[in-house]
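In what follows, structures are represented as structure tokens.
Below are two complexes that have chain A in common, paired first with chain B and then with chain C.
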Partner chain A sequence: MLFFSFFKTLIDEQVIVELKNDMSVRGTLKSVDQFLNIKLDDVSVVDEVKYPHLSAVKNVFIRGSVVRYVHLPGAVVDTALLEDATRKEAASQASKMGGR
Partner chain B sequence: MADTGADQLDDTIVSEPLDLVRLSLNERVFVKLKGDREIRGRLHAYDSHCNLVLSDVEETVYIMDDEDEDLKTIQKQSEMLFVRGDAVVLISPPTQS
Partner chain C sequence: MSALAPYVGKAVVVITSDGRLFTGILQGYDQTTNIILESAKERVITPDAPTEVLDLGLYLLRGESVALCGLVDDEIDSQIEWDKVRGLRLGETKKLGR
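Our next item is the complex of A and B:
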């Protein structure tokens, strides 16, 4: 749930989603779900010459499993908060395991 | 089985593999990925799927040219990067280099 919550804080930010087929899509993050499926608005393909398929497309739904990277604006990410949230998630994960 | 000491909230205890990754938070790590890709960057978040968030990222892509057997590398930089866990092969703690 950590990354689901993390991406929700990035809604309305400009991101570049790099897919496993090497295509990169730039757009505004509009929504995200538990599978890290992503909806982007105002999309443009980074290498338009190589991938002209989406030239006429305004918004896309991207299946989470085909995502390789999401390039984020560095300024909007609170890294200290993210590390604390990660430690909490790891601790809650560990206590679940201990309960077996 | 429950009383193994793993329940205690000690930040330094290493009882499962991902604990090693936890100790690398806010350190520069080396990540090897599927598809002949490597990443160096400062680790800020991970989960049990090995999804990661890194900053000041340097990505290296290795491309083998079959004809003249040349190994080409492409370097890319990114200030903040989310990496989906299914592409992760290994995460290595800070290197001296």
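Our next item is the complex of A and C:
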């Protein structure tokens, strides 16, 4: 749930989603769900000459399972907050596992 | 919640995990991204030959094999001469052996 919440804070930011088939799509993050499926508006494929396949497309839905990376604008991420949330999540996972 | 609801009834482009490209009208979908396309066509885009189009009719694509679903902008689409388009063959999302 942590990364779902994290991505929700990045809605309306410009990101580049690199897919496992090596294609990269730039666009504005509009929506994310529990599977980390991503919807981008106003997209442009990063190497349009190589990949003209999406020339007629402005909005896409990308299945979470095919995402390799999501390149983010560093300035937008509050790393302290993220670190803190990660520690809390790790702690709650540890206690769920019965303190193993 | 990121859903395909706004795309239903509209022309979409679906890229599959094996690197194929399909167009059609989105008729239905579900939580696992299974997709139903009406008037489905496969567009085979290659670097050195005219784009091939294969008519497929009513198609069900299993969610596992769906990589991306894009909403077609009809204005832009009508201005593209698809048989003149050249491009790389799309890769697969899973490398062999994994």
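Everything that follows uses one rule, which is that the second predicted complex is superposed on the first by the 98 of 100 C-alpha atoms of A that agree within 3 Å, B and C clash if a C-alpha of one lies under 4 Å from a C-alpha of the other, contacts with A are read in each partner's own complex, and residues count from 1 in each chain.
In this text, contacts are C-beta pairs under 8 Å (C-beta built on N, C-alpha and C of every residue); 3 or more make two chains touch, one makes a residue touch a chain.
Note that this is a predicted model, so its numbers are computed, not measured.
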{"item": "Partner chain(s) touched by A:Met23 [first = chain B, second = chain C, both, neither]", "value": "second"}
{"item": "First (chain B), second (chain C), both or neither touched by A:Ile38", "value": "second"}
{"item": "First, second, both or neither for A:His53, with chain B first and chain C second", "value": "second"}
{"item": "Partner chain in contact with A:Ile62 - chain B first, chain C second, else both or neither", "value": "second"}
{"item": "Partner chain in contact with A:Ala94 - chain B first, chain C second, else both or neither", "value": "first"}
{"item": "Common interface positions of chain A, toward chain B and toward chain C", "value": "20, 65"}
{"item": "Sites on chain A touched by chain C in the complex", "value": "19-23, 25, 31-33, 37-39, 43, 49-63, 65-66"}
{"item": "Parts of chain B lying in touch with chain A, wherever the complex brings them together", "value": "1-2, 4, 6-7, 9, 11, 15-16, 18-19, 22, 25-26, 42, 44-48, 51, 53, 55, 78-84, 86-87"}
{"item": "Chain A residues within the chain B interface of the complex", "value": "2-3, 6-7, 20, 36, 64-65, 67-74, 77, 79, 82-83, 85-87, 89-91, 93-95, 97-100"}
{"item": "Sites on chain C touched by chain A in the complex", "value": "1-4, 7, 13, 15, 17, 19, 21, 33, 43, 45, 63-64, 66-74, 76-77, 80, 85-88, 90-94"}
